[in-house]
Amino acid sequence: MLLARVVGTVVSTRKEPKIEGIKFLLLEKIDPKTVKGTGDYVVAMDGVGANFGEIVFYAAGSSSRMTAVTQNRPSDATITAIVDAIDVEGTYVYHKDRD
Amino acid sequence: MLLARVVGTVVSTRKEPKIEGIKFLLLEKIDPKTVKGTGDYVVAMDGVGANFGEIVFYAAGSSSRMTAVTQNRPSDATITAIVDAIDVEGTYVYHKDRD
Amino acid sequence: MLLARVVGTVVSTRKEPKIEGIKFLLLEKIDPKTVKGTGDYVVAMDGVGANFGEIVFYAAGSSSRMTAVTQNRPSDATITAIVDAIDVEGTYVYHKDRD
Amino acid sequence: MLLARVVGTVVSTRKEPKIEGIKFLLLEKIDPKTVKGTGDYVVAMDGVGANFGEIVFYAAGSSSRMTAVTQNRPSDATITAIVDAIDVEGTYVYHKDRD
Amino acid sequence: MLLARVVGTVVSTRKEPKIEGIKFLLLEKIDPKTVKGTGDYVVAMDGVGANFGEIVFYAAGSSSRMTAVTQNRPSDATITAIVDAIDVEGTYVYHKDRD
């Protein structure tokens, strides 16, 4: 899974029927050590109710269909966790309640 | 899913029988923040009737076969949505009716 | 799918039994706008009878097994179409009968 | 599979129910020749009880679900081995009991 | 499939039970035109009995499980052929019996 921040949303009216009603969030991948955006973006389906600004991780590829929301649907990136804390080399580089 | 613009078409007569009758669109991936092309291209099958110039997103890998048009066919990239709007950090960087 | 040119062949005697009798072609990916090689290569199985020099596209990943030739075989790249024409922004950047 | 070092952990409370109880480790990929980190990170599920600092390899994509811990769960990266030794060109570049 | 050279081995005692008894080879990807290593490495399972120094190609992703040795096992890279010859633009850039 890759770490990313929710930076926006993508809206679509004309789309594959199987993805009707699913929220599409725009994610910017982050460097875990600095928790800064890398300038690399992906549109992910949301299975956990992530909000703008939150750090998440998402599953890519066929694994992104192994959630209740995305099963058998054409998702290649699904948010599967909202991150509370990232510990690198014994130091919290990110802690949701603190940052 | 990745955001891209429909920039062309690819025509083929001699091809795998399973993909007869499917439209192959040439997509240029875009940077969501600037909505500009990145110079990186992919040929995608079209499941939603996308037109030249439109911003879309597509599903890659096995997920690209989870649409009515591509089921059990050798597609590794299928357009699954025509994008109406992209919101980054609370600002519409793209809005179809405006841009 | 990615566009590429058939630039060579790969020969193997000792191989996984399931891929006996399949032709392995060496492809160089092309930039669709210039139709020039990018220096990035992939070995693909051939499901359509592609010849040296031809522009093709291939399916990668699990989709490369969705052809009559490669079903249930360990292919992660299979040529699924010989390209006749590529149209970018309304101009033929490649047309087989012309180029 | 790719070689990586366990450099940290990722904690999440709100997550896809199917991944409750699984440990998420932060891995930094390594260059096998130097055994140094490359600055490229991935969050992996742990199927073998890897500890901080250990060199491991992980399976990516659908193969990351072929373990007892991750079966049918949305993992796209699962640690499948703790590495004892890496031999490059006949020399041990890494040996767990020595380094 | 990608072309690579067998440059070493990886040894692991504590690992996912499903991959017990399988040989893990370290591969360095090669540029087909020069047959030189690119400095990019992958650990692959061996389904064909490849030896140190040999040029091989491997299947990645789910296709790496379509061999007798790796079926249903967490492999994302499996050697499926030992290469005898590579022909680029009509010239043998590599021939096992000659090089």
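Order of writing sets the chain letters: A, B, C, D and E. Residues in each chain are counted from 1.
In this section, a contact is a pair of C-beta atoms (placed from the backbone, for glycine too) under 8 Å apart; a residue touches a chain by one contact, two chains touch by 3 or more.
All of these numbers come straight from a predicted model, not from anything done at the bench.
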Subunit E and subunit D - chains in contact with each: none
Minimum number of chain-to-chain touching steps separating subunit B from subunit E: 2
Rotation angle superposing subunit A onto its copy subunit D by C-alpha atoms, nearest 5 degrees: 70
Same-site or different-site touching of subunit A by its copy subunit B, using the half cut: different
For subunit B paired with subunit D, centre-to-centre distance based on mean C-alpha positions, whole Å: 33
Length of the line joining the C-alpha centres of subunit C and subunit E, rounded to whole Å: 20
Where subunit A touches two or more other chains at once, by residue number: 61-62, 64-65
Arrangement of touching chains [line / ring / star / complete / other]: ring
Order of the ring members, counted from subunit B so that subunit C is second: B, C, E, D, A
Of all residues in subunit B, those that touch subunit C in their complex: 7-19, 24, 26, 39, 41-44, 52, 61-62, 64-65, 72-77
Residues of subunit C defined as touching subunit B within the complex: 1-3, 31-33, 47-49, 57, 59-68, 78, 80-90, 93
